[in-house]
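Each of the next two complexes has chain A plus one more chain, namely chain B in the first and chain C in the second.
So, the complex of A and B:
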């Protein structure tokens, strides 16, 4: 009886396995062949795998780089694996922390805010690139995001240089022009906003209370962050710039000049519908603004306002990413490819601007023709010229390893402050909470 | 008296219509959005447009959607069949066969439901890294690797055991007297009697598998193996998103779950209530 039962169990197990085997045969095979081909080519490393996001931006840029590189290296090719940014982070984290290197790419894109935590958590995982290209030719703050203990691990890609995007027609209606928004402080920005709102009834700015991007813009323009230079100690309670940012934010809310959106698509909806006068944000927003073709000629870009304190400049950054190489087979090939394209190819950067409006942080490229073109949509303004000039002025800050973690704490603090709590107290609490999380 | 009853009825219907409208609205927005260009979708246009073909073309050209639907179908169907068979076998065994310490084992299995998947991810990935080293066809970056961790789930074992409690034990005795083997009783008597339970478990498993995101994301690496949620997620990232093609991809991938649910709805409700006639 007993052995019979066993026999049945094992028989059914075998049957089941066989059934699965059949059912999945095809996929098993494709999986196999897929692996074989990558292995074959990875022997001489002519095909490099890249993990990135954004089909119209990062992927396009890579394809353009691949094409240019192929002129000299006809056997070279890229295998571009596209996921959303969160997904790339998730996969990279799982792979690196489990120590399994099966399927890891040679090249990966990482947002500058997240880079320090990757570089510090997995210090053996990344391949230093500082010797492959001339880091002095790039904006300092971009290179700094990928530097740990003096080793440069990144090749900078797009700059998140900010601009104050503004509807010139609304401004004119209220008796202002784009020049009135140049070289101003946030306080002056708010004053003009109140006046424009009074006259036109259109909100001055739109923001999501949970996304502190605006605060990050303000802080970086003053050269500080919400962590100290060591990258982990919270710098909140005594942070004058942050305090000022909170005060300005509240003033915008209380003066009723701020429209509140909740989601990214609502954000885009707000300016596409013409429900807001200014959008202070990173230059990558351009393509979304230009979607509304009926608003052509009615937009302009002024430099971002500065904070009313010493050392603050009319230039800042929001977002942007850099390219990293993972240690392992193919690391040299990957580094050489990046150095020859993103690291030194002036013409390539011209193409990036013309084809996909991607703005790099590579100084020698700025002289080129592409940067001088006038944008009809922005009323004939040489927007790339202006934005690149501001890029060079962006103060360098140490993003540290806790940008998003502390942002979550501060978002709650902001909510308390908006509800009437005392600012010093709110920031002190946030400081303590951030310290206890260390 | 009669009037009062009627008023009550009307109120109920008005309420139900309102609620169904609220539930239907996202679906309506989805259908309208697949015909509009991206800019109109972000502007919140609620009327149908004429951009359907363009959206469809963009989606086909920029994403491996066809391949991913095929992958998702393989994974979902495979996972549904294997996991409800294995889990029902376990649930049945726990309930029907006496064995020392089975309650302890059963409770341990139930406790495993309390561990969130995120906590298991890294160890699981390490495990699959080892499997890949031995049998690459079952490991990382294969569709089988997506299915394997779900072959036996605590929820399904629990679900089948609870339902087995209502299974008349006399049928087992009768089967034994008639000379059926234990596995024969399970396959020839238990499975046909518990059809509704299987249907309910099947729907739940299929939908979970079809919508599963985190594990496929980690374990699948080549785009040719991607399942649908991974492709849609990638479409929605970036500085500028083409909402038109995202919407149409979502629309296409909603169809299978909707169809399966409507076809099996009757069994689903019965199975959830747990009925044996």
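So, the complex of A and C:
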């Protein structure tokens, strides 16, 4: 009888485990090449598993890299598991913190802002890639995002280089041209904006008060962040660049030149409907701007404005991700694959630009033909050439481990400031709060 | 011969009895084991983790520091305040609405009862993400709700439902009420059907009006169910996560961030600090215990 009970228990346990196993397989199958499950792949190292998001961008880029790599290595294949970025972050966090090393992919995409937090939270989880490719050939700020204690853990992928996207037809209507927006400060940007708004009645910029992307753009152009170089000490109350960013933001709101949207779809709609003159943001917005085919020829890209202070440049960054390899079986194969494609293949970068408008941070790629093409939509501007030039000028900052945590604190501070609170007080509060959370 | 069969019967019975005992213990043991493994073990483990702090897997034992930090953490205090605002305004509103609908739909004279009951219950089984998306469109700056309100001349300028700290809270309350009223109504409906019609009949003969019947008969008879639904709703609201996450993202600022969402942020949005996140989750346990105790008290006293 006793043994029967045991049997009972273990049978139910097996059932339960089987149920869990099934769940895993299902998620594995959402990938494009997902006929095989993750478990099977760990034995066969010619197939590497990748976790990433965005089917039209990251997944496509990987598929193109896979295809090129297969020419030399016919046995090689990728099992691309596509989830939302949120889910990738969650799965990675739960898997790594559980201490279990099965079920993890060999390759994973991580947003640059989040990378330091992963690299610092999970020692020895990532495989150093610095020896596999020439890091000097990439924009410094990209490599820096994946570097801890001198070890490079990432292969940079897309740059989030920013541009000031502007409607040239509206500008002309108000007596301005795209040149007037080149190499200007944010203060000058606001002044022109007020004038254009007066003359055309069209809002100058659109933003979501909860999205501090604009602040991140401003800060990085001045080479600072809201944490100090150690990546954890908050740098808020004495941060001149941040203070200036808050003041400029409020001025745009009070001058009524800012349209307020609340979510992504509304953001896209605003410029697709022609309700806004400029869109200062990362170059990944290009595809969305080009959705409005009737506006072809009416857009141009100027360098992003700089802050009115020493050391600020007309180049910045917003978002962008890099590729990481997890330690474990297949780490060398994964590193070699990445080095041969994303790490050194100039031709591959031409394809990326032509096929999916993906702009890498790889300097030698700029010499290629694809970067010289003129974009009809942007009035014949060589946008890829321009954007990649700006990419190389982006100041390097230490994103640290608290980008999103402090951003949430600052979002509240901004809300208070816009409602009339004193700026120094607001920032002092934010500083204290960020310090108490350390 | 008969003696022998008696004997056999006895031993058989004894064996059966033993089998029965074994079997019943097995049936009790299996779920107990699972409950211990999947409920109590994680609870204890979570408490143990809450005594640690650090990033990711680099956790150090810090004793009660995390719990001390709770009292100085502005973000946590705001999350608690938001959560309490939600359930203080939302639960009474929802219970009154649910009572109203259930009494209405329990009328003997009402036609198409099934259809109406389904309609009111439908939100509870609607996919959360789908309804959040639709709500975001309805309540966007130039959405249907704003246009309707402006058309009726109730407002001059569109309300920033998602962008204004006050209206974002209102929106969350509207959304949860819409979703859960029908669910609670079902409890009241079934309780109403258990009330003896004779009581109402007697009341009518004695000359009680409909309003008197509602407050003197229906409400007292429903008291245990009202108590039950208010406790489950309180627990549900304390754990509120889906609506703020999908509708407002906790914003603007942190005007609609709830405790659960703060836990999520601590674990997945920021550099993971599972120790502190566990401490915050234990605060929910404390709130649930206190509030349930209060509600039990209030519910009993009136009896």
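Following the convention adopted for this analysis, the second predicted complex is superposed on the first by the 394 of 438 C-alpha atoms of A that agree within 3 Å, B and C clash if a C-alpha of one lies under 4 Å from a C-alpha of the other, contacts with A are read in each partner's own complex, and residues count from 1 in each chain.
One rule holds for everything that comes next: a contact is a pair of C-beta atoms (placed from the backbone, for glycine too) under 8 Å apart; a residue touches a chain by one contact, two chains touch by 3 or more.
This is a predicted model, so every value here is computed, not measured.
Touched residues of chain A, counted separately for chain B and chain C, are more numerous for B. In the superposition on chain A, A:255 makes contact with neither chain B nor chain C.
When both complexes are overlaid on chain A, the residue A:339 reaches neither chain B nor chain C.
Contacts of A:99 after superposition on the shared chain: both chain B and chain C are touched. By the touch criterion defined above, A:174 lies against neither chain B nor chain C after alignment on the C-alpha atoms of chain A.
When the shared chain is aligned, chain C comes close enough to touch A:263, but chain B does not. Within the superposed three-chain model, A:90 lies in touch with chain B and with chain C [touch as defined at top]. Once the two complexes are laid over each other on the shared chain, residue contacts for A:409 go to chain C alone; chain B is not touched.
Residues 5, 8-9, 12, 86, 90, 97, 99 of chain A touch chain B in one complex and chain C in the other.
For chain A in complex with chain C, the touching residues are 1, 5, 8-9, 12, 86, 89-90, 93, 96-97, 99, 117-118, 120-123, 208-210, 260-263, 266, 401-402, 404-405, 408-409, 411-412, 414-416, 433, 436-437.
Residues 38-39, 41-44, 62, 71, 74, 78, 81-82, 85-86, 121-123, 125-126, 128-129, 132, 136-137, 139-144, 147, 181-183, 214, 217-218, 221-225, 230, 233-241, 243 of chain B touch chain A in their complex. Residues 19, 22, 26, 29-30, 33, 55-58, 69, 72-75, 78, 136, 140-141, 160-163, 165, 249-255, 265, 267-272, 274 of chain C are the ones touching chain A in the complex.
Interface of chain A with chain B (complex): residues 4-5, 8-9, 12, 16, 20, 23-24, 26-28, 30-32, 34-35, 38, 53-58, 81-87, 90-91, 94-95, 97-100, 102-103, 265, 268-269, 272-273, 284-285, 287-288, 291-292.
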